[in-house]
Structure formats: structure tokens, C-alpha cells
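One chain, subunit A, links the two complexes that follow: it is found with subunit B in the first and with subunit C in the second.
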Partner chain A sequence: MNELKIVGKSINKIDAKDKVDGSAIYPQDIYLENMAFGVTIRSTRPHAFIKVDTKEAGKIDGVLKVFTYKDVPGKNHHGVVLKDHEVFASKKVRRIGDPIAFIVAETKEIAEYAKNFIKVEYEDIPAVFDPEEAMKEDSPKVHDRDNVFYHFKIRRGDVEKAFKECHVIVENVYKVPMVDHAFLQPEAGVAFLDEDGRVVVIASTQYPHFDQEEIAESLGVNKEMVRVLTPAVGGAFGGREDITVQIHLAIAALTLKRPVKTVYSREESFLAHSKRHAMKMYYKTGALKDGTLLALEAKIIGDSGAYASWAMNVLRKSAVHATGPYYIPNVKVDSFAVYTNNPFTGAMRGFGATQVPIAYEQQMDILAEKLGLTPIEIRLKNCFREGSETATGQVLEGFVPLERCIEELKSF
Partner chain B sequence: MILKKIEVNINGRDYCLDVEENLRLIDLLRDKLKLTGTKEGCGEGECGACTVIMGGKIVNSCLVLAFQADKSRIITIEGIEEDDVIKNSFIEEGAVQCGFCTPGMVLAAKSLLDKNLNPTEEEIREAISGNLCRCTGYNKIVSAVKKAAKLKRGGDGE
Partner chain C sequence: MKKRGKGIACIFYGTGYGNGFPDVSRAYARLLEDGRVEISVGATEVGQGAKTVMVQIAAETLGLLDKDIVLINEDTSKTPDAGTAAASRQTYNTGNAVKIACENLKEKILEDAAKLLGVNTKVGLCMKDGLIYVKSYPSKKVSLKEIAELNKDLQAEGVFTAHTTQMDENGQGAPYWPYTFASCAVEVEVDTETGEVSILRAKHVLDVGRAVNPSLVEGQIDGGFAMGVGYALMEDIGLKDGKMTNGSFEKYIIPTALDIPEIEKVLIEYPEDTAPYGAKGIGEPVMIPVAPAILNAIYDAIGVRFYEIPVTPERVLLALQSKG
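Up next, the complex of A and B:
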């Protein structure tokens, strides 16, 4: 029998040496010959029609070109599921931070200076920041469609009937805010043309193959003409799943036939990438006298902000995890993803499974208190075990060690 | 732009440089000298990724103007020797993930251990409190610094 060389052993991370030496290369560490520098103009209003005048900025000595939606050779859109982001805002902005223009100049200083000469005329339109307001028929529409763009349902047993049989029912509303990943390395990238005329984009990204497709579509070229290279990535946590620098750099490098670099400040990083979904969770949980859970009804509203990103997947996951790791025979869950004029939300560690424990675990504690049980007792009574069936009908086979985990907690 | 002439020793090498008076030390290190191991995470002294040792003390190089470094000795991550105990401990203890905080962390740890080879856990946490890490949760970094301290004292690090 072959002896395992790696499994079961602690091995050093393959790139740790370069990282402790400071020689690991992140995109901001790349300096190329004849490299120009780009800065992004972003909206300062959450919902407005815009008119952009780049003429004055374009005339400044050292400014190579100011790119707007008119300079996108292919499709002026991107997005991991729905193509609802614009590469550059064309008619209206939907949140603070929407990219409007990309100034490319000989140096960063010139590009930054030129920012002062970009004229953006905003015609504010009513905005909506509360997802529940946004769900109403007469609310301002973020896109040319209903703000509710996803509704996921779980139906199991008969919730109405079951609540009548419950000894105790706990009903509460829980709210969790948006969270930023705040990965330590702000977005940065470099793009250039290689000897075969292909556009090469070097960026810290979680999805080089996705980026390749999105860049190619915006450039109007075949995927084969785009290479995406991923150097060291300074943290991501889901926050690098959407496009930020990639398409702007690719368009600039292809148009100017020069290497172009951009580096976001921390402040711009906050404006540029997604957030964790803020959620409002309506929970009604019922149990029998002995603590056995009988019914759950939940409504989960996720604030997607101005763009969908991964909202469908995230809100589906929230619903699937809505019962927590507890067996409940009667379940009714409705989760919604809703557009607002807030920062857009997307992937972040847990992907929707992180928010719902705030609700279902507090429900458990409150139920226990009302029934005169300890938090441990009520959890042991209801926790998933081998063979348990989840609200979505999945039978948990194999290893389900939750009971043991809760038992271990008794001693604390 | 007014230029200022400075003399500075960086990683044991003497430089005589003309620098713009608004140039930050981090830009001198990264853009002009290509010492890119010094990272910029926030540009306002919050994250510590740009930590360097100047005159024996750790500073945020994003908050120091280059001309302020005149007549000083600076150590960046590139100035730490190849087989350094702290660096090796970081690797072995799994204290390195994305790596963007790592150069600053290593220098903050060095600055502590240069003065105190027997730090308590609290002293270690205090010493790296100006350096943010978003990946590790800090525990493995603390273990790495403890291990390095022990090795430097002549123990086996276990």
C-alpha cells in the first residue's frame, strides 16, 4: 500500500515564502514600460439621469483619452447572472459609485487632476432605499422592471394547521445590515496587448474564466482574444466575484495600444465591489409543550441594491437554511431579492447562510425560555441527526455530528 | 514642484535622492525604488500594510513624507534576511494567507522581538494591533510570533 505523502500532514502553503519575503506580486506591484494610468469617475447620486461632458478633461496635456459608454466596442453590460450592470452608465445611475467614465493619462497625477474637469450633470429622480418600499407597486423602479426580481418558496406540510396545535408560538422580526468584505488589497489591475494582439488583463479576481467572457463580450471579440491572469490575490471573501477594473482596463489597452494600470483607493474599493446582503427576516416559530418544533413560517427580504449579482443564489440559500439545523415538519418560507438604490450586494462568505442564524437561533432561545427549557435542551430535542429530512426534502445521510457538538457544549 | 534632497539608508544601502515635497515614503519605496513588498491597504494609517521600520520604530509609510525620512535608516521587508526566524515561523504556523498584511506583520513582530524576546501574548497582540489582517483571525500570527520568540531565545519553538 502506498503511504500518503500529503494527506494527514501539515504542509507549508506553497506561496507563503514569496509572501513573507514581500516578493509575491499583486497587480499594484506591476510596472510596465510606457504604462499609462487610469482613474474612474463614479456617480455621486443614487438615482439620476446623467449627461456627461468629457471635452475639457480630454484636452488636458497628458490625458490620452476619456472613455465613456460610447467607447465600449461591444456590449455595454456585465453581471454574473443577469447582465444588469453597465460598463459605463449611459443614461442613468442607479447607486452611488456607478462607473461613468475612465480617464487614462500618462501619469496617475494627471489622471487625478483631469477628474476635476469631467462635467456630470445629474437630474435626480426619486430613489428607493428600503427593500420593503421597493416591493410596492408604486415605488421608483431601479431598472425597467419590477424591483422584486426573485422569489423563492419552500412549502412543506400544513403550517396553518400546525400553528393551531402549537403550545407556544414566537413571532419576531430580525434585521441584519450590509457588510463589506474589506479585503486588505484594494482592487488593481494592468492590461496590455501581447505580441499576438490579444488583450491581457492582470487582475486579482475570483473568476478569471468568467472575466474572460465578460471582457470579450464588452470588447466585441472572441474569448480567444482575451487572456486573464490572476497574480496574488489580497483577500476576496466573495468580493471579487463581480467585474470592477477588468473591462475598463481592457477597453483602454485595446484602444490606446499601450499598457494601462489602475489602482483603487480604499474608499473607491468600498464603492466598487459588492456587499453582503442586508436582510429583514420575519420569523414565526411554533413548538409543542415538550419543545418539539412543529411549524415555521418565514419571510426573508434581501436588499440586492442596484444590481442582482448573486442575489438569486444568496436568497435561495437563505431560504434553504431558514429552519437552521433543526427538523420542522411544517414549513413555509418565502425569500425575495429586491432592487434598491443602495450599494449592490453579492457573494460574501456563507452566501446567504450567514444571515438567517441571527433569526432562527434567537427564536430557539426565546422558545426555550417560554417553555422552561435550557437552550441546550431545546436544540438537542430538534437537531438534525442521521436520516433527518430538511425542509427541502433532503435526507441527511452519512455523518451528522451536530448532536455530539451540542452535548460537548453542556460542560461550558 | 519643489524638490528636496534627502540622504537615507534603506536596507543597508545609502541613497541620495531628490524627492518631491509631497511624495509619501510609501511612493518613494514602491514607485521609485520598486520595493513593492511594502503594501498600501488604506492610505490613511489604519491598516498597517505599509509598515516599515524607520529609526528603529515601526511607522506607517503612507503617513510619512519622503523628505521626513532624511538622515534615517529604514528597513523594509526586502531588508529582512533570507532565513529569518520570524518569516519561517509565519510560514510554519500557517500565519500567511492572502499575504497582503504579511510584510507589515513581520516587521511589526520584528520591532517587538528586537526589544523583547520574552513577550506575553498580550504584548504580542498589542505589538501587532496597528496591523489589520482580514484572513487569519490573528491567532496563527500570534502563534508564529510566540514561536519566533522562543526560537530566538534558543528554544525549539514547540
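Up next, the complex of A and C:
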């Protein structure tokens, strides 16, 4: 390859100056003429049938309209894989934080005041918070289906036979909690109609073209009638993959024919977007006397919370990465995505591949100690190299510089 | 008492949607009247540096400077779909689409240039610094601006699809490509009186294929490291009957700059064949080895294994008590 001129150079980040001097425009910074303001009513119960009465709130001076599921012109649903989220809860809520209504008023203060007059009648139903409980047949069902909505398997070699040949077997259960993306900028957005009658939604998002499709489906229009503008985005990390403000704003702007804005507080941001999947990981790893890994068996249970979001893809990624970057000839992995009445989980930096090393990398050190090897020795012995096969049988072609990554740590 | 320990971890990470899912990025390149080139692409800048990286890739491919590239990436009515800014896929996937769009545009520009210069083929033409010239006779040249004035419709598309194969019922197949590798070492200090874990120093080694912008890669390592520290030691939404007990920054503790040591960074560069200029995705791999390295270092320091995170001071003290 010829010498590169610009690739490989640390030129200044193009958007850095605007972000440092404050001139970058985030959706919070946008004010349009005649702009109304919306606030969201969310469920306070994890699992309940609901009845919503918006009449009193709607009569308050300055309230323009209170939107509920009845006001969704198109499909009252969204979701990155399964369309299991409702734009507004219609009959029941499945988690604390489910959106129930969107009050749009002349000012933020009026909209906030009107919140006090929305009556939500909850009829609590049995809920389930522990994914392993939720896997049982007689557990409360979060949706009208089995709570286990995804099971992915890896079967390679013969683990039972291989464990019998192992010199050391290490068996442990690891638990990781739900965590938040904690991006700097809480969700916010503005929607309005442009001169061509299109609904324009300005919102911080990771995937504007997918938002465009989801907004169009809920508005019941074709997607050319929806335009998504991405202003400055204050961090995302996967937490802006699912819809939050976009559809509510679009419906309000289209119905009221005027600009509508909403800004979440940090507390509402926590309620509105996904979390990293909590996982319980059962690990059994076996090695020969010289430290050669021979078998791995893992069961990984992912708490998807009330909605699927990316759970199938996340739990699949967990399973594919469950061995760590090591050649193991006998592998049995089962990963499950399970609905509960917890906050919903979705994409977050690492996407299922971040949870499993909490298990597999501690297993490696435990094995090393039992075998009298150093952490570096056991890793060098087993690490992927060019031509190695992963647990899915994929041959790693090209450069696999893992050995060098490990060698570099010797000097630490 | 303060006890010190070291720990390491290494990881691999498969880029992209994976498993045969259509992972497609599109980009348009267009020659503007003033001789600059406009790139339209729906890749969101979420802080990771997409705007900068796409401009660098376009400029490199067209022999231009970064200031000669005009990037449009903020309006779905003007940009083609480049997929999501996630899965560490924008530099790899969309970078490829931008490179292909620029190569296609370059071919069209060279065809026009060949006609203008009166040469019988575009072979032997060079495009550099906004000029197209005959390699063996550089004074025979034409500028991009001159070409743009004569042909106002010079544009091209670039499409790239990541190659992955769906796995079978036994989970066998080639679900992701490429894979990125990383390792991390940390030294921690555990205060056995307060239970607090401090990170004293760290080293991060990252397989980048090629760093399009080394400073941005180092920035990702810093950010990913901080997120890993939070995951290992601090963060938990604190669920109780479906309710977050730590649902605000009053109780949801995240690391600050004071929790993060100087990190020794090593970028390993072996260009990946299928990647734009060899660049792999690194946005997620930077974070993944950090937490397990910390857990292994804590064990080295105090002889306690934590099977559950975060390792908060309370958990450290309880574990030390029960260890006796």
C-alpha cells in the first residue's frame, strides 16, 4: 500500500471545538416559534392493568392535548427486533416507567402541573423479577407468551466425555447487574412540520434511518413523510438504539400542527432507556495438567426486563464469546433471554460480550492458580492464533495478534 | 492496611450485527462546484469520532485534505442509510462504504479528466491535491474545480455489506467478521479498612488493524477504561421489586477522572484485508477487558474472588470479614 497521507494522522476531531466552546446544538438548545412542551406520564407499578382518565388534565388552561394510545394514528408499537413496546400502554403496564400518556401544553410548567390531574387506576397483577423464576412454567407471564423468548445453543465436541479427561475442573456462578449507560445528555427532542408537510423530528439517536421507519409506522404514513435530524449527541453507548421521545413528539406535532419539545430529567432518562442485561452465568471449565483447555460448559441467563429490545442478538453474542479468546475443543453453551417485570435491557457497549469475561477471565486465573501456572502462561497456552477455530467452528483467518497483546503485558 | 495486586484479562470481539443479518452501509460522494467533495452518509456522530474518521477516509481515497471534504450526516432526507452507530461497526462498515463511494467518484472524475486532457485512457492519470495530471508529464493537468464547472453531475454511491454466516442449530457458523483482540493489565490497591479499591496504573493493548486517527483511538481507550472501572467497582441500578433504587446520580455512582490512572496504551497495527485502510472497529473492545482485569487484580491483592459485581467497599469489607 502506498504511504498514507491522512489516514493514520491524529487530526483534530472535527466536532471538538463546537463541543468545547458550547456552540454545538443539542436538542435541549432548540427553541422554535410557537413551540409547545410535552411531558410523559409513566407507570409507577411493575405489572398492572390500567385505566386512564385524562379529562381533568385536558381541561386545564394552557393544556393543548393529552395523548394516549387512542391518539396513535398508526401502529401503537415499536421495537428494534420484536414490536413488543407500546407507544403508550393500552391495557397493561409491564414495568415501572412504561409511557402511558403525553401531556402537551403551552409551557413546561403547565404540562408539569397537569400531571397531577391525570388519573391512572392500577389493578396490580402478580409480577416476576427473577429471571430464573420467570423461566418456570407457572410464573406470571409478562407478555402473552412464554417468558423465555430466546434460547441459543452451541454444541461442539463432547463435553461430558472431555470433563472426565480433565485434570482440573473449575465450576462457579457469576452475577452481573443491570447498569445504565449514564450518557451525559439526557433524552430530548423537538418535532415540527416542515413546509412540505413532513414531520421533522430532531432527536439524539444512534440510528436515524431506523427511527424514521418506526416513527412512520406509528404515524401511519410512508417514511418519506418523516425526516429525522440528528443534532449533537451527548453520548449513546447503545442507550439510544430504542425509541424514547421520537414517536411521542411526532404524533403531537402532526396532530397539533405546531412544534413540540420535550426534555427528560436525569431521573426520567433512567426510566426511559434500556439497561445493560443483568446476567447469571453458570460456568464449568476444565483443563489438562499442562493447562490446555479441554472443555467448557456454560449456561447464561439474561434478564431482558419487560421488553425484548436487542436481547436475542445480545444473548447470542454472549454465547459466541463465552469461551473467551481461547481454543477449546469441547463446548456446550446455552443462553436464554427472559422477560421479567424489571426495566428493559438492550444494547450497551459490548452487547453481551462485556458480561461473559467477568466469568471466563476469572475462570482462567482460578485454573492457572490450581495448575501452578501464571495468568500469562495459561493464556498464551490457549489463546487464539491464526487459523484457530472458535467455539462456533469459525476459522480465524488473517492476522490474530492476540499472542502479541498478551506478550505486551509481561513488562507490566 | 493497603494491599496491592496486579491482574490481567484478554478478550475478543466480533464486529457488527452478525449472524448473517444484512449489515449494509451506504454512502454518496459528490463533486461540488468549488472542487471540494461532499460525502453524504447516515452515520451518527455519538462522540466516537465518526465525522472525523469518515472525512479522513474520504480525503485519503481522493488525494484531498480533510478541509476539502464536506460531510453531511445529520438529515435522513439527504443521507443514505448507513446502519446504526453501534456494534463497533461504523469505521469498518461505513468507512468501507465511504471509501468505495470515493473510489467510484474518482473513476468518474478520471474519465472526465482523460477527455479534457486529451489522453486516450485514464490509466496513467494521477489525482492528488485537487489536481489530475499525467503521471509521466505532470504539467498536463486539470483541477477538480475545472472538472466540476464542466460537469455538474459527478456523483457516486458506495455500498458495503459485512460478510457473516448464519449459525446452525448447534451454533456452528461464522457469525461475525472481523474479530478484534485486546488485553489489559491493572494494578490495584485495596484499603482493607474502608474496602475501597483504587486503580494505581494500567496498560491497554489493542489490536486496531490500523488506527485511522490514533488520538481518537486513545480517547476511546480512556473512555472505555473508565466505563470498565464503573462496571467493576461502582455501577448497579439497584433493583428492588422492579424499581431502581439507584435511579439518579445521587446514588448511581460513576467514575470521575480522579478514579482513572494514567493508562499506558499500545496500538497493534496489522491492517485487516476487508477493512478500509485496514481499520477494525474498536469502540467496544476497548472497554471489555477492563473489569475482569480489575477483578483478577483484587484477588491478587487480598485473596478474595468476587463472583458478583460491582465490587463496592461494602462487599469488600463483608468478604474480608467472612474470610476472617
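Just so it is clear, the second predicted complex is superposed on the first by the 407 of 412 C-alpha atoms of A that agree within 3 Å, B and C clash if a C-alpha of one lies under 4 Å from a C-alpha of the other, contacts with A are read in each partner's own complex, and residues count from 1 in each chain.
As a working rule, a contact is a pair of C-beta atoms (placed from the backbone, for glycine too) under 8 Å apart; a residue touches a chain by one contact, two chains touch by 3 or more.
Just so we're clear, the structure is a prediction, and the values are computed from it rather than from any experiment.
Colleague: What is the contact status of A:K119 with respect to subunit B (first) and subunit C (second): first, second, both, or neither?
Modeller: A:K119 contacts neither subunit B nor subunit C.
Colleague: What is the contact status of A:Y31 with respect to subunit B (first) and subunit C (second): first, second, both, or neither?
Modeller: first
Colleague: In the overlay, answer first, second, both or neither for which of subunit B and subunit C A:P186 touches.
Modeller: first
Colleague: Is A:R266 in contact with subunit B, with subunit C, with both, or with neither (first, second, both, neither)?
Modeller: Touch status of A:R266: both partners.
Colleague: What is the contact status of A:K70 with respect to subunit B (first) and subunit C (second): first, second, both, or neither?
Modeller: Touch partners of A:K70: none, neither subunit B nor subunit C.
Colleague: Is A:G234 in contact with subunit B, with subunit C, with both, or with neither (first, second, both, neither)?
Modeller: A:G234 sits against subunit B and subunit C alike.
Colleague: Applying the document's definition of touching, compare subunit B and subunit C: which contacts more of subunit A?
Modeller: It is C that touches the greater number of subunit A residues.
Colleague: Which of the two partners, first being subunit B and second being subunit C, lies in contact with A:N313: first, second, both, or neither?
Modeller: second
Colleague: Is A:S23 in contact with subunit B, with subunit C, with both, or with neither (first, second, both, neither)?
Modeller: first
Colleague: Considering only the touch criterion stated at the top, classify A:I366 as touching first (subunit B), second (subunit C), both, or neither.
Modeller: A:I366 sits against subunit C, while subunit B stays out of touch.
Colleague: Is there a shared patch on subunit A that both subunit B and subunit C touch, and which residues make it up?
Modeller: 10, 12-13, 15, 182, 232-237, 266
Colleague: Help me check something: in the complex, which residues belonging to subunit C touch subunit A?
Modeller: Residues in contact with subunit A: 6-14, 17-19, 21, 42, 44-47, 49, 51-52, 55-57, 59-60, 63, 65-66, 71, 73-77, 79, 81-87, 167, 169-176, 178-179, 181-183, 185, 187, 203, 205-207, 210-216, 224, 227, 230-231, 235-237, 239, 241-244, 247-249, 252, 254, 264, 266, 268, 270-273, 277, 279, 283-284, 287-289, 291-293, 295-296, 299, 305, 307-310.
Colleague: Residue numbers of subunit A touching subunit C in their complex, please.
Modeller: 1, 4-15, 46-47, 95-96, 127, 129, 152-156, 172-180, 182, 198, 205-210, 212, 226-238, 240-241, 266-267, 270-271, 275, 278, 313, 316-317, 319-321, 324-325, 333, 340-343, 347, 349-351, 353-354, 357-358, 360-362, 365-366, 375-376, 379, 383-384, 391-396, 398-402, 404-406, 408-409, 412
Colleague: Applying the document's contact rule, which stretches of subunit A touch subunit B when the two form their complex?
Modeller: Residues 10, 12-13, 15-26, 28-29, 31, 181-186, 232-237, 265-266 of subunit A touch subunit B in their complex.
Colleague: Spell out the residues on subunit B that touch subunit A in their complex, using ranges where they run on.
Modeller: 30-31, 34-44, 47, 49, 76-78, 80, 87-88, 90-92, 94, 96-103, 106, 132-135
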